[in-house]
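Below is one structure, written out as structure tokens; comments come after it.
Labels run A, B and C following the written order; every chain starts at residue 1.
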Amino acid sequence: MTSTPSDKVKSSVAELEDITMPSLGADMTEGTLTQWLVKEGDKVNSGDIIAVLETQKGAIDMEVYSSGTITEILVEPVIEVPVGTILARIALAEPSNKIVKSVVPAVDKVNETSVPVVETSPVNKQVNVLDVKISDVKASPIARRLAKEQQINLTGIIGNGPQGAILLNDLTPLLTDKKQLNSKKLKFAGTTEQNMRNAIAVAMTKSKQEIPHFYLSVEVDITSAQQWLQQQNQTSPPEDHVILLALLLKALANSLVKYPKLNGFYQKDISQSDLPQGDHFEQVSAIHIGNVISLRQGGLVVPAIHDVDKLSITELMQGLRDITERSRSGHLRSSELMDATVTVTNMGERGADSVFGIIYPPQVAILGFGKVRDIVKVVNDDMVIAQVLTLSLSADHRVIDGMLAAKFLNYLAKKLQKPECL
Amino acid sequence: MSSTYTQQNIQQIIIEAIQEAAPEIEQEDINMDEDIREECDLDSMDFINYLIALKKSTGVSIAEGDYSQVNTFNKMLNYLSAQLSKNPQA
Amino acid sequence: MSEQVLTYREALRAGIEQALIDDDRVFLMGEDVGCYGGCYGVSKGLLERYGEHKIIDTPLCESGFVGVGVGAALGGMRPIIEVMTVNFSLLAMDQIVNSAATLRHMSGGQVNVPLVIRMACGAGLQLAAQHSHSWENFYAHIPGLKVLSPATHTDAKHMLIQALADPDPVVIFEHVMLLNTRGDVLENSEVSMEKALVRQQGTDVSLITYGGSLHKALSAAKQLKKLNISAEVLDLRCLRPLDTKAIVASVTKTHRAIIIDEAWLTGSLAGEISAIIMEQAFWHLDAPVKRLCTVEVPIPYPSHLEQAALPQVEQIVTAAQNIMVAR
């Protein structure tokens, strides 16, 4: 191959990048574009919301992850497409310094009356197979070739192969969907709940089968935390209220700074031998906490609050209020559903004494918060009434050992004794 | 919004505030004298969002010290009526 | 097509006999091929039936009698030269590589060398490190030679006749573990000697192999079927020239390939086949190509160590399961 990434960057022509239907979690297979918020020629900045999607997780605001000019809009709403389908193109304002993303052949524009995007013939853009090869997505050769032929962008598809490589079988469901697209162009709620149920079933089964979970819990005294909260909230207006979950999240984030082994991703790897010896844990410095939020119509979403360790309690509260509200009303952002480094499930709210969650791959830990209970406790030979909750941890034994997990939980419990320091 | 509130429109305001947090809830779903969080399946975050919605529409700010006075639909109705007649929003 | 059941040894003998009967220019020459009946018993009884001018015992001098074979072929005869094992063929390598393989080229096409050289190869009989190797790749490296590896009983008989019909030197490898096995021998060859044959149809993974490893691949395929993995078994038959079309066709269908080759891994034919797949079927692959070869030690004498060195059925099954793991 003579073409290298640096050759590409030097090119005077603005670099094009594909904007694709994002995968908002391992359990999402397709999404519906309901509205464009940009048109061709619009300038956008990284993080701008450019479209509204309807997914199994409700309405999502789709962000763009690069800055530049929208050059082509390739599909028109309303249309349901598989994850990875190219929706639009952006000419980058600045050349990316990462390895150039492939630009696979575009498809003719589609409007509401014409056939769906995937059924149309490719436009005459000569694209060398080698262009596909230098994409930084890991995929088997046959998966790449098929993706090129079928106009599937591999970015964002979660592969089941070594190192997360996308294999033929990871694309098969998309292909089946494509064949059916003509007939199921517009279909909402009717099957959405079942789809989501199926999607959760697949993701959770895979997690339980692959990840050697182990479980620990501690009962943590939160009397002082509750007192502190009461003081804070006694007279303050509702928008300044702090809830226990915010304290728990903050304490968790601080504990993860001390115990970073629980924060990150377990990556599959390929190796010369057939043993999984190349699999490895990739520690992540940013702490993005995914919050399991049950949807009122059934199912759940797990939006992340970003950089929790860097937020004040007030900011964290705002973040929590915000994702809760948007989980109910729609308008979660695509990034929020894609980048959690650890997850929290708070079943105490719904009356459960404790919860041991299933890890959301490729993460390695999930924290569970149980219900606040009153107990009688012995302090200095006296019986006192204390408030406690059960803090539980499901951890991936490939990465974390019991000793570390126990230390971590105790550290987290200790942090909660001094809420004013969080 | 008019400066005088009838029971009727306060009721409507409460319903709308609940729907901010729980869009699918209708008035007939709610037993007026039962715990509102249980009736509408509101978690603590939903509950705060409900109170914030009420503050936006009525100007009444409810602190945690007063939670026991607003934990059913009817108690909220009475609480707001009292607050609004005391200090009607301009 | 009528068929008969023979041992591999008998099938080889039947091929030689037919060649002796069909063509008066054919003769068999080598160490112990006459009175002793062949070191592995292949030519037993032929001396009595065809006489000393057709079945010729030679001194222990590979370079000498292979050279005589080259000369006889140049002179218009159709010699079948038996070299006891591939290990000893190294003593005749100069004649094979520098003479037989090059003379058509160096004479500008004026002469050709219609010579057939048969040799035993392979491990499993506890014949230790000087009689047990799989060096097909040494000869498959040489332009001017054709290299055959009959793995079935039909091929054992007919490949010799096809080789004799070829105007250029052909080297035939006979795996020692096959000699006592019984199998069907068809009356005619199924296909020309340069074609690979799919011995078992499959859709999930191609087991590409030849010679003594073919039956291992076939039993692995049987076990894999129970594990719900559909393995295709490709018998290469001809190692030079390789039937690249057949290799590419199989991998294009299954997207995964395991090459089973009794030679040592480094510099093996398995590596060559793997490279062909990369060059010609890369965009059809869904998993890295896997090679199963012999451990890189001189073949050990003790039976358990000898077996441990060779590719075995269980390894093929495991490799196929691993390659399918992310299916």
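Here is the rule we go by: contacts are C-beta pairs under 8 Å (C-beta built on N, C-alpha and C of every residue); 3 or more make two chains touch, one makes a residue touch a chain.
The structure presented is a predicted model; accordingly, all values stated were derived computationally and were not measured.
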Contact-richer chain pair (by C-beta pairs counted) among A-C and A-B: A-B
Most distant chain from chain A by Cα centroid: C
Distance between chain centroids, defined by C-alpha means - chain B, chain C (Å): 88
Whole-Å separation of chain centres (CA-atom averages), chain A against chain C: 55
Centroid distance [mean C-alpha coordinates] between chain B and chain A, Å: 34
Contact set on chain B toward chain A in their complex: 20-24, 41, 43-46, 48-49, 51-52, 54-55, 61-65
Residue ranges of chain C in contact with chain A within the complex: 255, 282-288, 290, 318-319, 322, 326-327
Chain C partner contacts - residues on chain A that touch it in the complex: 129, 140-145, 159-162, 165, 167-169, 270, 274
Of all residues in chain A, those that touch chain B in their complex: 230, 233-239, 241, 243-245, 296-297, 320-321, 324-325, 328-329, 346, 349-350
